[in-house]
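The structures come next, written out as structure tokens.
What follows is subunit A paired twice: with subunit B in the first complex and subunit C in the second.
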Partner chain A sequence: MENGNKTIRGRRILCDVNLELYGGTVYGFIGRNGSGKTMLFRALSGLIRLDSGTISLDGQVLHRDFSVLPSLGIVLENAGLYPDLTGLENLKYLARLTRRIGAGEIREAICRVGLDPDDRRAYGKYSLGMKQRLAIAQAIMETPDVIMLDEPTNALDETGVEDIRRIVLEERDRGALVLLASHNKEDIRVLSDYVLRIEKGYVSEAEVGG
Partner chain B sequence: MQTIKAPADSRVKELAREGGSRREDAGGEGTGSRVQSEGNRRYHVRKVLFQKETAEFINSRRMILFVVLTALITVSGFYAAVSGLAEAIEGGNTATDFLFLKLFTVSANSIPSYNSLMALMGPFIGIFMGFDAINSERTEGTLNRLVSQPLYRDQIIISKFLAGLFISAVMVFASGLLIGSVGLIATGLIPSGEEVARLFIYLCFCVIYIGFWLAAAILFSTICRHAATSALACIAVWLFCAIFVSLLAGIIADALYPVNGNEMQAMMNEMKNYSCELNLNRISPYYLFAEAASTVLNPGVRAINAVTIAQLSGAISSNLTLGQSLLLVWPHLTGLAALMLVVFAISYVSFMRQEIRSR
Partner chain C sequence: MIRHKLSMLCIIAAVGGISLSVLYINPYGGEILLSGALLQLSGSRGDFALHATMTEMVSFAMRLLPMYFFEMYFGIMLYRHFCTASIYVFSRYPKRMRWYLGECLALWGDALLFQVLLLAAALFTAAVRYRLTIDAGGLLLGAYALAIPALWTYAATLAVNLIAVKAGSSAGFGAVAAAQTVCVVLFGLEDALERYGGIALGPEGYLLRCNPMASLVMGWHSSGTEVLDQAVHAPYRTMDFNHSLALCLVLCVVVLAAGAWTVQRHELLKADSETGV
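On to the complex of A and B.
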């Protein structure tokens, strides 16, 4: 991201943000509520447009050469899956759109997050933690190059937190670029190779754990 | 302004490349062809979204309401037709060559005809299907998920519209064919080829008419934050078109071309007043549809504009052929289709320009 600026309803969300990010690294983003972490993720993924500045990936510019990152797994504050479908049906539907993976990979992704792919309950009946796990399964199932996780361990029990941490590290080792926003200092400390602080739209370097 | 650079050693870059190629390899498995043309990919995505939208609607509780509404239109229309058919024939105010079509136009015992019911209630079918098409997905966060997939965003709204149009077409044709077939059994009226053609054109009209309301509902669902707001906005527009346009048209026509007072002036204004009111009424899709549908279903309708006595003198009283009836309503059909496309185009542009974020 180069000189990224974004203002929404008169409020500056991102201010002159310059970031150069590489695969195989976990970037931890910290900051207060409303500091701009989620908006930064939305801008980097292509869900919102910058007022000024550019985002490029391997020389190709977002919103000029492609509308969203071509290989992206994202979990934002709302898991955003269909309440009437089962977990497996939800992921199958999304996988059918891209045709990159088959049923085997989908089931494997569900198992990786500690859920049962044969669970016949509708997603709407899942607990908050299960919803979060399924959202993460969707984000990683196509082994994307870029993974954005906004508060991924929210609502998870201890085992769930450990599972997700393990997955994040596995994805990093696979070569994925992982962006992680969290208020949980322990998550940031354990997972991040590089920590960035967002404050009133400005991004600066920060110490791990700080 | 500081650029924040993360460390990237050669090992990391190597891993990233491996990861990328692994993903490409996985593409072939379970999918068939790995290399797809852009056109094929777009078609595939649209097909998947279309199937999803259709299945979701059919499995939803709203479908029950939708079926009940369509059934009400069908049963009431049929009851009115069967009750009033004999009376209409005896009254001598009907073209006896086209009795089968009367199943769709005859009303009785203050029950409106199928055609009138469709004109009045048809919009609800479109509104039911589209009023929360976009904003409910936004509220539930599923739009986030969908647009973060590598697909063209316009395919989402196009698929929603096509799925809605498809379902309404199925319902309208099922309802029309049901009336036709039950009517055939109940009355013994065998339709001629022209009647079947007229019925087919009429049902296509119905689909376009409902399509307009579907497009309007999708437009409101795109610009309104809450589904309830968009539903209310749609109903307000429907009320305006069905009731207030005709009231306003009368008031405006009377104001511009008064027909009261001076007898000479009233005589001169009579024609202008009527034409003005008629043209203003035609702004409303409700009026456009009702006028076109009654012309297509009744070959006895020879003109839809004001006709002077001079024009009538010497005219041979006979039914119009299908081609001539179509010529009369062609502007209505194109106008209604254009309205539908314009409204959908506005919702398309609005959706494409919107940012996907929580509000």
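On to the complex of A and C.
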């Protein structure tokens, strides 16, 4: 991202943001609520447009050469899936949009996050932790090059947190670029190769995770 | 993405159709023509007057309840579908307009099916209770009684979704229901103006035409088709079936275009803050 700026309803959400991000790395983003973390993810993914500045991937410019990142898995806070469908049906519907994977990979992704692909309960009946796990399953199921996780361990129990941390590291080791926004300092410390702080739309480098 | 969509549609249509039939189809002597049944269903009793009384208004508004239920259920479900799609679909599928048009087409199918089932349930109930005779004018009238309310319901449901994107689902449905209710109340005002000044209908009936809800009342219409005019025998030649059809089509196009603009404008779609869905 080069000189990224975004203003919504008169409020500057992103201010002159410059970022250079590489695959096989976990970038941790910290900052208060409303500091611009989620908006940064939306902008980087292509879900919203910047007012000025450019986002490019391997020399190709977002919203000029492509409209969303071509290989992306994303989890945003408070963004749920279809409440009437089971976990498997939800992921099958989303997978049909790209036609990159089949039922086997979908089931595997669900198992990876510790859920049962044969669970017949509708997503609406899931606990918060199960919803979070399924959201992560949809983000990783297509083995995307870029994974954006906004508060991925929210509502998870200890086992869930461990599972998700393991998955994040596995995805990084596979070569994916992982962007992680979290209020959980331990997540950031354990997972991040680089830590960036967002404050009032400005991004600056913070301490490196260990 | 609504698992029980079809069953919900059938329930609203069946219960609505049977209720409307029982409440509003009451022929003299136990015999009724198809055209007569359709006219009674749509709120016509052969003249314009709604009489500006609360009873009359409530009676008219109650005919709209099945449509309101459809608009509420499908409008809100569509909104929630948009919320989920705004992240999980659009991050995978960049052809937003294609996706949007596909969803709108599916909704049109639902709105049309709903109107077919609603009319079928109402007429079947009438046939069970009375001697229902099918007439040629009734068949033609049935086509309009199907198309005009289906388009109206479709536009209103899309409007619920559109407003919900900006203001939340409760506000979305509330605004659309309120707008329709205001139109019904305006009939009372138009009735008063007609009684005391002959203004509402006049030579051209422009005031009545200004109320889009009037397009739903079959008995206030006429057409160039003799068999249809004989069936309807509207006392006022102010509304035209084809004009009403065109009006509803224009409403649909306007709401569709506004929705397309919204979907293209990336910022407007966001997660449903009400349900987390």
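By our rule, the second predicted complex is superposed on the first by the 206 of 210 C-alpha atoms of A that agree within 3 Å, B and C clash if a C-alpha of one lies under 4 Å from a C-alpha of the other, contacts with A are read in each partner's own complex, and residues count from 1 in each chain.
The rule is short, and it goes like this: a residue touches a chain if its C-beta (ideal position, glycine included) is under 8 Å from a C-beta of that chain, and two chains touch if they have at least 3 such contacts.
Keep in mind that this is a model prediction, so the values were computed, not measured.
With the two structures aligned on subunit A, subunit B clashes with subunit C. In the superposed model, A:Thr143 makes contact with subunit B only, not with subunit C.
After overlaying the two complexes on the shared chain, residue contacts for A:Arg99 are found with subunit B alone; subunit C is out of touch. Of the two partner chains, subunit C is the only one that A:Ala122 touches; subunit B does not reach it. In the superposition on chain A, contact of A:Thr159 is made with neither subunit B nor subunit C. Between subunit B and subunit C, the partner in contact with more residues of subunit A is B.
After overlaying the two complexes on the shared chain, residue contacts for A:Pro83 are found with subunit B and with subunit C alike. Looking at the shared chain after the overlay, A:Ser67 reaches both subunit B and subunit C.
Of the two partner chains placed around the shared chain by superposition, neither subunit B nor subunit C is touched by A:Ser52.
Among the listed stretches 9-17, 81-89, 189-197 or 261-269 of subunit B, only 81-89 clashes with subunit C once the two complexes are superposed.
Counting contacts by the rule stated earlier, residues 8, 45-49, 66-69, 72, 74, 76-84, 93-94, 97-98, 138, 142 of subunit A appear in both its interface with subunit B and its interface with subunit C.
Remark: subunit B residues 1-8, 11-20, 22-23, 26-27, 29-32, 36, 44-45, 48-49, 52, 56, 59-60, 140-153, 355-358 touch subunit A in the complex. Against subunit A, in their complex, subunit C makes its touches with residues 1-4, 80-81, 83-84, 86-94, 266-267, 271-273, 275-277.
Residues 8, 45-49, 66-69, 72-74, 76-85, 93-94, 97-98, 122, 124, 138, 142 of subunit A touch subunit C in their complex. Within the complex formed with subunit B, the subunit A residues making contact are 2-3, 8, 16, 18-25, 27, 39, 42, 45-49, 66-72, 74, 76-84, 93-94, 96-105, 138, 142-145, 173-177, 193-194, 196, 203-205.
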